[in-house]
Amino acid sequence: MKNPTAIILLHCPDQQGIITDVTKFITDNRGNIVYLDQYVDTIDRMLFMRIEWELEEFLIPRDKIKEYVDTLFSVRYQMNLNVFFSDVKPRMAVFVSKMSHCLYDLLARYKAGEWDIDIPCIISNHEDLRYVARQFDIPYYVWSINPDHSNKEEVETAEMELLEKEHVSFIVLARYMQVISNSMIEAYPHHIINIHHSFLPAFIGAKPYHQAYERGVKIIGATSHYVTAELDAGPIIEQDVVRITHKDIPESLVRKGRDLEKIVLSRAVSKHIERKILTYKNKTIIFS
Amino acid sequence: MKNPTAIILLHCPDQQGIITDVTKFITDNRGNIVYLDQYVDTIDRMLFMRIEWELEEFLIPRDKIKEYVDTLFSVRYQMNLNVFFSDVKPRMAVFVSKMSHCLYDLLARYKAGEWDIDIPCIISNHEDLRYVARQFDIPYYVWSINPDHSNKEEVETAEMELLEKEHVSFIVLARYMQVISNSMIEAYPHHIINIHHSFLPAFIGAKPYHQAYERGVKIIGATSHYVTAELDAGPIIEQDVVRITHKDIPESLVRKGRDLEKIVLSRAVSKHIERKILTYKNKTIIFS
Amino acid sequence: MKNPTAIILLHCPDQQGIITDVTKFITDNRGNIVYLDQYVDTIDRMLFMRIEWELEEFLIPRDKIKEYVDTLFSVRYQMNLNVFFSDVKPRMAVFVSKMSHCLYDLLARYKAGEWDIDIPCIISNHEDLRYVARQFDIPYYVWSINPDHSNKEEVETAEMELLEKEHVSFIVLARYMQVISNSMIEAYPHHIINIHHSFLPAFIGAKPYHQAYERGVKIIGATSHYVTAELDAGPIIEQDVVRITHKDIPESLVRKGRDLEKIVLSRAVSKHIERKILTYKNKTIIFS
Amino acid sequence: MKNPTAIILLHCPDQQGIITDVTKFITDNRGNIVYLDQYVDTIDRMLFMRIEWELEEFLIPRDKIKEYVDTLFSVRYQMNLNVFFSDVKPRMAVFVSKMSHCLYDLLARYKAGEWDIDIPCIISNHEDLRYVARQFDIPYYVWSINPDHSNKEEVETAEMELLEKEHVSFIVLARYMQVISNSMIEAYPHHIINIHHSFLPAFIGAKPYHQAYERGVKIIGATSHYVTAELDAGPIIEQDVVRITHKDIPESLVRKGRDLEKIVLSRAVSKHIERKILTYKNKTIIFS
């Protein structure tokens, strides 16, 4: 098995010496740095950094690392930082409605060991995809939402209890056709990944493929983003596109779009799992 | 030299027998068909067709062809059709402001013989690009537009007189930073090609690269379209995109976008010159 | 349920009147044409055509159609033609080795009803993916091949007996890591679809991602093609690419390539199932 | 005007402390670092780095910088390094034959001020493009090469005298249809940029578009690379592709390819001018 590593994701106002200080702290304490990437936003004068080191001979106990780096750097550099450990598996909940393509793509990667995560539950507002969950032996929970949304708050409360009980660390909306309410968004800030079936900010909202057909675009896209309070307006993680022609009708756009959606969603999930995404001012910094 | 050909672009409600009738008419009159492409819009039940044949041994004189096909087909099939001749060179006017990249790209293709057209004039609201026109020996006309647009109508009248005098058949806005007024649009319906520096319908209007930067998209685009009364809302001819990252600032987006713009504009101009574009319901059918 | 249709795929030396003759034959016999696309290879002077019509009121019984069109057209036009019926489900066999990503992608589409086919069997040279077959309730057959290939002929004989017994109409090699021998290729001419993990003809043969890494390319690709006697040299059906950088190592190329492979393979399978592929001179004509 | 900066491009075996040492050296001497990017090749354990700092208050005189960094770092870290200054304009020679598209694209960027370089000369084996050079007021030199190449050595000697006289720092082969001999390659190691009109390593050598047509690929590409002794085998700087179909004939591939070629070549030239390319083991590291 690979050596466990610690990962710090940080951002702070840029100034001389930060990289030197942080790397020196790690190497002085016998951490072997295996990854270092930084980016300076020259407009906002902000430094963004991801650093990863092997814990094996690191002198500071892992449960003290956060305390140390906070003490040493956070105040001094007005640093916003998080510490992760590579051997702590993220626990991912998947929300679905009726379409299986994104769900299958996520589960196939999970099952093939492409991602080192746990998937404790799949949550839906419909029974339709229970058979997929069963194929992969993952618990499937259904809460129907009334057409008038009268039970929506109640349903979300139940869902959040489940998420908490299952120690879910992030949520993937795999073509989940319900708007997430603010209380859930606030409980998982920048930890709910959605796939929107358009090249945002074009075609926000419902039926983007039909909108694309009506507008006569020559390229369609898909966008994965973190969910925020404003619909389809959260930080974009990944986008991709495919060329279409005048021969495409909404049905063929839906078909072509499915392949985009699953790729774009899975790329975002990969980056999230690898702790390679920083968010700042409603945008993402994606480390390579 | 290549044999001159006639080209018909038509659309009409789809019904059995149209293709047979049209091709039979041409071959019965000794026209050698060199191109035939058709497309049926199965939603609107419309047929779109482009047919091209050699005139050399064609029995009907070229100045009678339009009359014949109108008589034979237009009423019977409620057909909307146009006849073109390959040896009638389109005459293209280019409108520019201060940026040279699209202009250079158009003129380099023209000079290299890539397009069989004439460019009788370049029109601008600024003196800046006169040197480019001079390099290519093309008359360059400047009409400044007052900041309050008080002389805009007058300027457009003068421009349209020039366009008419020069027998201009279509107009290319090569990063021309002025809105075209309705009277000019109506004089050249679906014959004014614009390049918008975004992936429409995202980022309509001013400073799309800055809008893209603010939104944090991961891909930027460019869109060429026919100009209609509504800003940036005309039929899209061609689009293309390029991937960007969080490292891009508005300046680098402008730089990356320039290459997109010139390619996307030139592809649209090529298709227009080849008479391979049909417009219908604010969309384009692009024959291959 | 949709009305059953008949489909003709044909190619022949181009000459006037073929399209008229074929369409007239269908409409005269009360077939409602729902698809017509043709392409003329102007270099080889060949016509390629796909035509599809509803059988409901068609006057000629379906088991006589092939005979009629052969009599009427094949000799006269030196036509090479095939007749298919939309309600005859293709029967697809999948060959796999140890990697699950393409297999999952195929089966997820099958299960979701994206393709109207049957998958009677999955064949492998390893036990590894039996669990996937079991998840989807599809019989999984394993024939190990000795390292010295001493039993290869025997294995292929057994496989071909199974394929015949199961009335398999085409084979998909979903990252099957064995060369198919000529006897099987000849039994399924242009009916075995392979996915090669490079942008052919670059990096033919083994370990293309390692070859790509060594060469330092900036883009990698995947290619689906029909299998022919010469390795990786059959008619190309579909290709796609993804951009890489100097930071990519063979492992990350493998990871990025997986997504390409499954998309490119599935696009090829879709086109094959829809009977939209014609092969000619080791190339494919792909109807839209 | 922007402050002049110094740029170091270096690579060396990776070890702890290098980044710290180099950045400390610059900041200790009052250099304001404006760019830092590094990359560790984890397979070869090599560090690659680009660092750029403002010279205004830098304590070490610019003509001593190379000496200082050599003394301080080169031996100690087995470092291979180069120092550049942003206000030293690269001097680019362009070699052309008969096709104008790449030449126009280069000169349009130069004239528009996109690149801060000088172009002292255009060299050709044909008279054809003299008019382009004249349009841009750049000296144009022609040396015909005999069909039997009997005067090739003599011609190259004359060309190299011109290049030396004009203090040319790098050469761009803008569709120059002659093989460069080893003596010139050795005089400009990794300073001759070529554009090859295929997706290398596919279709090495002559007539790649015809090769692509024969093979029936679905995507064509273009590749810019540094010229080395082996034909079309030097370090790849940039590649891009465009989708084609069975309808494309060699002529349309040539046309589509032209746009690729000029974009791909210009991207490579931009990176070279910005000193953002390191070469190592016949590959390039391209800083962002």
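So that you can tell them apart, the chains are marked A, B, C and D in the order they are listed, and the count of residues begins at 1 in each.
FYI, a residue touches a chain if its C-beta (ideal position, glycine included) is under 8 Å from a C-beta of that chain, and two chains touch if they have at least 3 such contacts.
Worth saying up front: this structure is predicted, and the values here are computed from it rather than measured.
Should one ask which of B-D and B-C has more C-beta pairs in contact, the pair is B-D.
Look at the contact of subunit C with subunit D and you find the same residues on each copy: over half of the numbers used there are shared. For the pair subunit B and subunit C, the distance between mean C-alpha positions equals 38 Å.
Centroids of subunit C and subunit D (each the mean of its C-alpha atoms) stand 42 Å apart.
In terms of their C-alpha centroids, the spacing between subunit B and subunit D amounts to 36 Å.
In subunit B, 42, 245, 247 are the positions where the chain touches two or more neighbouring chains simultaneously.
Interface residues of subunit B facing subunit A in the complex, by the touch rule stated above, are 39, 42-43, 199-203, 215-219, 221, 235-241, 245-247, 249, 282-286. Put simply, subunit B touches subunit C in their complex at residues 16-17, 19-20, 23-24, 27, 33-34, 36, 38, 40, 42, 243. Across the complex, subunit C meets subunit A through its residues 99-101, 104-105, 108-109, 111-112, 114, 132, 135-136, 245, 247, 255, 259, 263, 266, 288.
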